[in-house]
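The first chain written gets the first letter, and so on, giving A, B, C, D, E and F; residue counts start at 1 in each chain.
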Amino acid sequence: TAAQYFFVYNAFSFTFATMAAATVFLWLGRSQVGRAYRTALTISGLVTAIAAYHYWRIFESWGAAFEVRDGIVTVTGLAFNDAYRYVDWLLTVPLLLIELVLVMRLSRSETFTKATRLGLAAALMIVLGYPGEIADDNGTRALWGTLSTIPFLYIVYELFVGLGDAIKRQPVEARGLVKTARWITFASWGFYPIVYMVPYTSFSGAATETALQIGYTVADIVAKAGLGVLIYMIAVRKSEIEYGEAEPVAMR
Amino acid sequence: TAAQYFFVYNAFSFTFATMAAATVFLWLGRSQVGRAYRTALTISGLVTAIAAYHYWRIFESWGAAFEVRDGIVTVTGLAFNDAYRYVDWLLTVPLLLIELVLVMRLSRSETFTKATRLGLAAALMIVLGYPGEIADDNGTRALWGTLSTIPFLYIVYELFVGLGDAIKRQPVEARGLVKTARWITFASWGFYPIVYMVPYTSFSGAATETALQIGYTVADIVAKAGLGVLIYMIAVRKSEIEYGEAEPVAMR
Amino acid sequence: TAAQYFFVYNAFSFTFATMAAATVFLWLGRSQVGRAYRTALTISGLVTAIAAYHYWRIFESWGAAFEVRDGIVTVTGLAFNDAYRYVDWLLTVPLLLIELVLVMRLSRSETFTKATRLGLAAALMIVLGYPGEIADDNGTRALWGTLSTIPFLYIVYELFVGLGDAIKRQPVEARGLVKTARWITFASWGFYPIVYMVPYTSFSGAATETALQIGYTVADIVAKAGLGVLIYMIAVRKSEIEYGEAEPVAMR
Amino acid sequence: TAAQYFFVYNAFSFTFATMAAATVFLWLGRSQVGRAYRTALTISGLVTAIAAYHYWRIFESWGAAFEVRDGIVTVTGLAFNDAYRYVDWLLTVPLLLIELVLVMRLSRSETFTKATRLGLAAALMIVLGYPGEIADDNGTRALWGTLSTIPFLYIVYELFVGLGDAIKRQPVEARGLVKTARWITFASWGFYPIVYMVPYTSFSGAATETALQIGYTVADIVAKAGLGVLIYMIAVRKSEIEYGEAEPVAMR
Amino acid sequence: TAAQYFFVYNAFSFTFATMAAATVFLWLGRSQVGRAYRTALTISGLVTAIAAYHYWRIFESWGAAFEVRDGIVTVTGLAFNDAYRYVDWLLTVPLLLIELVLVMRLSRSETFTKATRLGLAAALMIVLGYPGEIADDNGTRALWGTLSTIPFLYIVYELFVGLGDAIKRQPVEARGLVKTARWITFASWGFYPIVYMVPYTSFSGAATETALQIGYTVADIVAKAGLGVLIYMIAVRKSEIEYGEAEPVAMR
Amino acid sequence: TAAQYFFVYNAFSFTFATMAAATVFLWLGRSQVGRAYRTALTISGLVTAIAAYHYWRIFESWGAAFEVRDGIVTVTGLAFNDAYRYVDWLLTVPLLLIELVLVMRLSRSETFTKATRLGLAAALMIVLGYPGEIADDNGTRALWGTLSTIPFLYIVYELFVGLGDAIKRQPVEARGLVKTARWITFASWGFYPIVYMVPYTSFSGAATETALQIGYTVADIVAKAGLGVLIYMIAVRKSEIEYGEAEPVAMR
């Protein structure tokens, strides 16, 4: 229906604006943290920038796939290219895990190992999920979904057990924030498989499509912009501890 | 009528220009305040930037929904997408409250708690108001409007009671400005529910639409650009106190 | 006639270029004045930037309203949106007065009071003038014009009496320039009501339209770009006095 | 003919590229001269930027006025808007004289007086020349051309007599360049009235048009980009004298 | 089929986003490494920027060559310009080898010799491969492919034998990374000839095309963005050794 | 044929990308050389920027002049504007010689004299060559080509005899590079008259056109981007000698 069409349409526009605003915020914030944390903010901003680009394209593709005149929605025959989402995830999900690792400032080799392992697992998870997403029958969907869950569980395990030690070594003032970052990641990521299962329900086609798009969109905002802001806060706090509180000097 | 059409059209163009100008002003102003206040200005500028983006889209959508030839207005069949407004609010209203909290420079934990609580209440208020805005009958409108008023009252309460203490701790030179900021917020925000009630009147459809658009537009300018300028002034004044008056040095 | 059409067309293009050039000049100039005067230049540049934006739109609207083929002008039926002018003034006229007050560097409270009062009076003047401008009969035109003159006279009074004292306190080297700025404001502003009265004459419709457009355009250039350059000169001179002449150092 | 059409077309494209390149050069050069000379370079760059903008429009207008298919030129009925040229001059000619005065670094009051007088004379010269340019008969052309020559002669007089004294006070190393700048101004400006007289010849219409466009274009390049480069060289040389040769320091 | 069409389409969009993001990352990273390594990062970023430009064009060309309506793919008659790929390689492959040489910071003359030799060999390899790529029969394809392999083998030889010595002189902390960079280059480059041989298989035309495009695309990402990130890591690590670990200073 | 069409098409796209990349490289490089060499890099970058602009236009003009559908090339009737090339040369060839003179850092007066003489000779050479290029018969072509050769020989003479002395005064470390720059200029410039003579051959029209375009394009890349990189290398090397090797300091 037109209401559903506009709901999704506006959600895409909203997400575009959010991602763009988050990018500006994170990149302007680079000058407010110590050198060691700039890369984390660079990457957080890249994640939201890439997402803004893809939501722009999703938004355009949605507008081209349907036409609304006098409140009636018709299909134009041009496909709505849903794959932009997976294309986006393939690029941003590894980066999200890398930014999480970077902000912890582990030893060099640990950083490298964790970032590589988590990054690869994340890419695998997305690649395995895609064939299911575009499948027409629910069996195929379930099969690939299950396969995709294996790397997903590995990531969750690493986040909670593998990085648990690392979190204990964080300065006490930042530990709470890092834990929040871990939880926000866990919670928002856990939301994706749930949305993925919407087509198993007995909703109508249009309702399923709407629920899917909105669900993924909400999760994206939390997982990208939300995490980005947290990373920024952790970086600011740790900078103040490690580089010393910026003493008030006369402005220049 | 054509006069109404152009009144709204010009109001949108005006607001776009105002928001864009405010963004430039606030971001150029970042270099004139102390480090601790830069985030507040970054966010104030983001709010007006986001609003400029949305007014641009609203403006285009308005231009596409109607056609004026030889002074006669006809409907093109393309819907005027009023939802951009709520999409905008969902993003900017929490940010507005956050910028108000930031400029007070409370303790870290207080900042976090207040910002979160006020931000969430604001988002809730907007979400609850939207179903009423697009409702066709006034009963539904009233129902959601009432629900939306609950978080609204909570925000008002927090602003006046919860933050009252914080305001007392502001340096005496800035206290007046902070109070003005609080009042301007209260006054402009109180205007929204009033505009919301315009459809209860017995104006014609076109008149109602016009009043609604103009009302929300005026309120947006005060609440976003107006507050932004105030935040800028508070930040400048507090910077001078805390970082020391910038002594005149030979320019470089 | 085609000559009249092109005269106005070229005047709009000219003004767009002038305003854009003035914006670049004023914003590049920010680095050449002391900190205390940067806000004045930021705002002067915003005024010309906003004007450039509006002249761009006026120019496009003019081009869309008429078509010239083989030297013959026909009306396309799309309205020439003259209101952009008032939309522009509503935003820039208060800013112009504020930049005048800022460059004087009064005490903080005086700055605030004067800027607010003059700004509001200016906005009122524009709002009251608009209904007259779009009126079809000259009676209505005269009525609103007269109402609009009241805040106008108040502004003139404030400029000459209220700010007279402030000007006496300016450093002697800058006093002449400040007086010139006041006079240029007075002279250019006084031109607007005169242009406003053109429709009372017995010119043909096209001639009236042409005279109106050209008159307002010339006045806009003087009042915005002209004043901006003066503000820049005052800011440079006062910076040299207060911050010390920039001694020649080896360039870096 | 097509050859004439393309000759003018390519001349416009060439001039656009030259003006744009000169702008980049002059503005990048600002960091290489002393503070006192930056305004001169800012303005030189503005002059070429404004010219680039106008040549862009002239180029587009030329392309829209004619159509070439299979080597045959036809008129589209859209007028070639030659007035862009005068619009451009009205803005840039005064600026050119001002940049010449600025680079001499006279006393403040002399700078002001000379800049104002020369600027106004230049504007008057252009305004008086325009009615002749668009006149259809050669009598009118001659009349306005003669009137326009009066301020022209005044400018020449000022350049050679009025500024002669000022040139004598220039540091000896820069005096040659300043004289060259004066001569280049004189020579290129003297070219304009000659081009203006082309229509008195008995060339065909198309040949006249071509000669006119090319003539003005060549003169514009010399008078704007050529003078700009000279101003840059003077500014560099005088900076080295007054601010001291930049000693070679290890690069950072 | 539509699935194949979209697979390639999305792969191009993905690669565009990746290359653009890598460019931003590498250029922002310039400020985080010592002066001697900035050129390496400048070039790495240029490589990805050039690739982003070409993937944009490839993407557009792909979209223009086919049309998909209601899930059915038709050919539009406009050729898919595959040559953008070779055009891109001709420019970027030499640059890739140069960036590898630069990051090793050999003596000046060694740098020059190696960069020139490797660069020329790379260009030759691409030029010889192109006639085979566009050949219709597999014989011609094989012939040029074989010729192209000669410079390819020379490059491999240089990388492993010629540069082996240089790698031994790298600081021990960076040696591993440099070796990885060499291997990643070798592995990703070895992939290209394999993809080149796809048409020898007995896949259908569409399948061959798809495999070819995807294969080259994956290889491009690894060889350009992947190597770029490695270069960045080497540059950061060597900067820390040679310029001293950046000690934590209070942020400004 | 389509193959020829695409060969030229891709060569234009390649050159555009190369020139744009060279511009970025040369302008980013400005911060890596001493002050005295910045102007040389500014100009080198301007040359490639201007070339990028013209190749963009040439590319568009080529695309508009022909249409390819299903592998068959047809002429659209719009002329391919080859003159962009000469327009470009007229601007860039003098600049190329000037950048060569500048990087030698001769005495001021020598710099001025050489730059002027060589610049004028170069412009003359181009202007004289153009009538021959567009001539239909080979006689005219030969005539103008011969005339154009006179200033060409003068430039060659100046480069080898006139500047020979200057080269001997270069620091020994840079002498080789300067000689290379001279040779590269000579070799690439010598290529232009050869390409110019292609139409004397008995190739078919299309083959001639293709050879001409490709020939000039290759020469342009070497003469502009190639020389630019050399200039950059000379500037870096001479900066290190004259300003002292940049000692490794802790990065900020």
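One rule holds in what follows: a residue touches a chain if its C-beta (ideal position, glycine included) is under 8 Å from a C-beta of that chain, and two chains touch if they have at least 3 such contacts.
None of these values were measured; they are calculated from a predicted model.
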| item | value |
| --- | --- |
| Shortest contact path, chain D to chain E, counted in steps | 2 |
| Same or different contact residues where chain E meets its copy chain A, judged by the half mark | different |
| Farthest chain relative to chain E (centres taken as mean CA coordinates) | C |
| Separation of mean Cα positions, chain F and chain D [Å, integer] | 28 |
| Whole-Å separation of chain centres (CA-atom averages), chain C against chain F | 48 |
| Chain A and chain D, separation of their C-alpha mean positions in angstrom | 55 |
| For chain F, residues that touch 2 or more chains besides their own | 32, 246 |
| Topology of the chain contact graph, where touching chains are joined (line, ring, star, complete, other) | ring |
| Ring walk, chain A to chain B and onward | A, B, C, D, F, E |
| Interfacial residue positions of chain A with respect to chain B in the complex | 2, 6, 9-10, 13-14, 17-18, 20-21, 24-25, 28-29, 32, 68-71, 246, 248-252 |
| Parts of chain E lying in touch with chain F, wherever the complex brings them together | 32-36, 38-39, 42-43, 46, 49-50, 53-54, 57, 77-79, 81, 83-84, 86-88, 90-91, 239, 242-247 |
